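After the structure tokens below, expect a handful of questions from me.
Per-chain residue numbering starts at 1, and chain names A, B and C are given in the order in which the chains are listed.
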Amino acid sequence: MPSFSLSALYMNIHLKLVYVFLYVPIIVLMVLSFNKAGLPTVWSGFSLEWYGKLFENDAILNAAGNTLIVAIISTVLASILGTLLALGVQKAKTNSALDALLFAPMIIPDIVLAIALLSFFTLLEFTLGLHSIILSHVVFNIAFVCAVVRTRLKNFDYSVVEASEDLGASSFTTFRRITLPIIFPGVLAGSLLAFTLSIDEFIIAFFTAGAGASSTTLPMQIYSMIRFGVTPEINAMATIVMMVSFTLVFLSQRINKGITG
Amino acid sequence: MSNIVISLSNLNKSFGKTQAIDNVSLDFKENEFFAMLGPSGCGKTTLLRTIAGFETPDDGAVVLQGENITALRANRRPINLMFQSYALFPHMTVAKNIAYGLEMEDLSKPEIDERVADILKLTQLQKLAQRRPDQLSGGQRQRVALARALVKKPKVLLLDEPLGALDKKLRGQMQLELKRMQVEAGITFVIVTHDQEEALVMADRIALMKDGKVAQLGSPHELYERPNSRFVADFIGTMNFFDGYISGKKITLHNGLQLTGCNQDLAEGVDKGSMAVRPERISLHSQQPDNVDNCLQGTIVDMAYHGQDMNVHLEMDKKSARILVKISPGEAEAQGLKLGEKVWCAWSAQNARLLAS
Amino acid sequence: MRSPSKNLLLVAPGLGWIAMFMVIPCLLIFTLSFFERGTYGGVDYIFTLDNFVRAMDPIYVGILLDSIRIAGTATIVALLLAYPTAYAISLAPRNKQTTLLFLVMLPFWSNYLIRTYAWIVLLNREGLINNTLESIGVISEPLDILYNEFAVVTGLVYNYLPFVVLAIYASISKLNPEMREASEDLGAPAWKTFLRITLPLTMPGVAAGAVFIFVLSVGNFITPDLLGGGKLQMVGNLIYDQFLSARDWPFGATLSFILIGIMMMLLFGQAVLVNRAQLDNDKTHSHIDDEDEQSLPAINTAALDKEKSYA
């Protein structure tokens, strides 16, 4: 196709500038984390000092541990429930009310969900802690896992299930040996997504954690560090958290792609 | 002596390592129905798109009524293309779709309305004018696509696999319908198709393409009766091939049988080739016939009833390809042909062409 | 075929969870908005509409309008940045498109707080941008580009841009390329093809992206909090204050109610827009049979008589 040279040139530049816009902040943080001086004004040499200080910071380590606990448990729960939900919904007739319910957790403003849950827990006189965070995270994670698995199910050829049953397998065996292996990449991708979201989630955790260091998650810790005193350790923290997220997302993409090709 | 409306000279186009168009030169006459035929990958679509202006040739020229339009963008050429998918604008009504091209010509509103009304009448779309594409059937959409292109009164109308999306019955109707439209519109239609039957029915001239080159150019009759190569003979209709060594007008098969053909226009020194005979040109006899140019004996291994024809498959010997003979069911019955029977088949040299391998 | 009761079993736990931990809590706070604030910050279960009346107070309406204005600005900026980006990606060779999109989305998957924090580092008076501009002599005094509306809009755009690009790209990639070619073939110059064909047909993607960023920006709390420096109040901050500082839960609930109401209207409007456009970019045939067609006119076969006999 003969190209519109002027507009093609503009779009090329625009695209590159957008990538610059997207990545400069991230790169700046990463570079800073290795800056001995810790401030953006002057570069005083490459240093891992801040990473070292990070690992001596008990509060941060504690929060990181909490975050992992919350993420792992909520992901496992959400994956199971979300997958079952997707399987059940797949055969149901298209129902806009049902769809709304399945998508709502993803689109509702997190602050509204956060305070709704806080009110709910308080009203029930439910003590707050890591467990309340976990319960809350499962809600939106179910929706995400369900959405991802449903997409995979769209291309699922249901006749293999029928073939399995025709050959004498029970429903459970069919699920275990036929359905699950086939949808597994989708489940895995959804789980990785849920895990990433849980690790990064701040607002809901903030509201439903209650008081005390025992239920502080990493995002909460980061928030208070940003709010109340910026120390260069944040840059190291930020870099590590970003690298973990990126790796997880990359893996999730790879898994999903590896199957759909 | 009709005038030439478009002339393609020495066009070349490659995509990466693939040579899609290989030194093609073609002339399209005024008021003719021209078909570019060939298997997928032969370059016919690329050629069509080059004429339309969506591909720029690496070298060569596209000349429209004496004017070199090779460098002209598609939206400046007085040539219109009917897309394979019709590409109707889904957010516009039929009438607006048709008017779109006229709006690009800076015509006055009354004039646009008039021309749209005219073409709606010509294509029998008046009742559907306010409908949207998703409210039309496949055949109706095709007519809209046609109307949208024709309303601009282009010098040439290009059609990319125009009947591919239609079901079989409608296709037959539309073949004749398109012919009628071309005659009425009085402009040159150039269609691209992979369906040789379609090309035979509709076209005045056909260019059969292979690997970016024109294998043969001629009328349907010429391509059918006088194919110039094995590829052409094989592509058009069904053909029987007898392989062997050619000398003059005679061919000696591998089993020693000698047959006589009608042509001697093979290249110097060519000796390996085949004889091509149409199934309907072979007659069957229970006894060996006299006074025939070619005959051989075979066993009937299959008989398939096709309503109008009976397809009789014969086997001459284990090593040779099967022979297909088309006769009428009445004749088959009269001769009392049965499976497993040995019969004689015969044909004249006039109906047998010798082709290089 | 799976029995309906088995289906129910599969679906029940998940839906039950959502119902229990989302639907009910949300219904709860909506009902809260009809009650009074208790003396010590709890809830007095006395029915009242005072909260809604109070929400109409110019101060609060002002904050709402400010939020809408800021969210709107962010939306427009994001659309202007996103559309050419999505378009450029769609023009790239097929196999590179996934990579390009992935690279656009990647920042989106990093921690929201961290992404916002990065801009504090950049926009600071002693931050990177000011430093660079001062050292190359463009400015002599550091610019005040942090802790104000500019910073908040920048933060919002930065955080949600990837998704807007994705939404628009999804629409563009579904567009049959032959539409553009057909428009060109019919004589339209490139800009007319864009305005009359490409843009209208990609509206659903644009709408989806716009609604996404607008909705998430209006109710946003983190960005105005961190990048606004406490000086900027948007609805999200307001709600947060009511719940955690002022401890006026019913009023906070009322504000949430209003916020969700606005969002619902927008989402509804977007759905209507998509439906109205009735877009069918597919190449598959329509659902209407050709047999219903009126018969074609009689054809004069004599006029087509050519030497086509094969005899």
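By definition in this document, a contact is a pair of C-beta atoms (placed from the backbone, for glycine too) under 8 Å apart; a residue touches a chain by one contact, two chains touch by 3 or more.
Only a predicted model underlies this, so the values are computations on that prediction, with no experimental measurement involved.
Look at the CA centroids: the one farthest from the centroid of subunit B belongs to A.
Once CA atoms are averaged chain by chain and compared with the all-protein CA average, the nearest chain turns out to be C.
Distance from the subunit B centre to the subunit C centre is 51 Å, each centre being the mean of its Cα atoms. Distance between chain centres (mean CA atoms), subunit A to subunit B: 57 Å.
Taking each chain's centre as the mean of its C-alpha atoms, subunit A lies 19 Å from subunit C. Residues of subunit A found to touch two or more other chains are 1. Residues of subunit C in contact with at least two other chains: 181. In subunit B, the positions touching at least two other chains are 53-54, 73-74. Note for the complex: subunit B touches subunit C at residues 52-54, 73-76, 80-81, 83-85, 87-91, 100-101, 104-105, 124, 132-141, 148-149, 152, 165-167, 170, 173, 176-177, 179-180, 183, 200, 204, 219-221, 224-225, 280.
Interface residues of subunit A facing subunit C in the complex, by the touch rule stated above, are 1, 4, 7-8, 10-12, 14-15, 18-19, 21-26, 28-29, 32, 39-41, 81-82, 84-85, 87-89, 91-92, 101-102, 104-105, 107-109, 111-113, 115-120, 123, 135-136, 138-139, 142-143, 146, 171, 196, 199-200, 202-203, 207, 219, 222-223, 226-227, 230, 234-235, 238, 241-242, 245-246, 248-249, 253, 257.
For subunit C in complex with subunit A, the residues that touch the partner chain are 2, 6-11, 13-15, 17-19, 21-26, 28-29, 32, 81, 84-85, 87-89, 91, 98, 100, 102-107, 109-115, 117-122, 124, 126-128, 131, 158, 161-162, 165, 181, 190, 215-216, 218-222, 226, 236, 239-240, 243, 249, 252-253, 256, 259-260, 263, 267.
Taken in their complex, subunit C has these residues touching subunit B: 176, 178-179, 181-189, 192, 196-197, 200-201, 277-281, 283, 285-286, 288-290, 292-294, 296-297, 299-301, 303-304, 306-308, 310.
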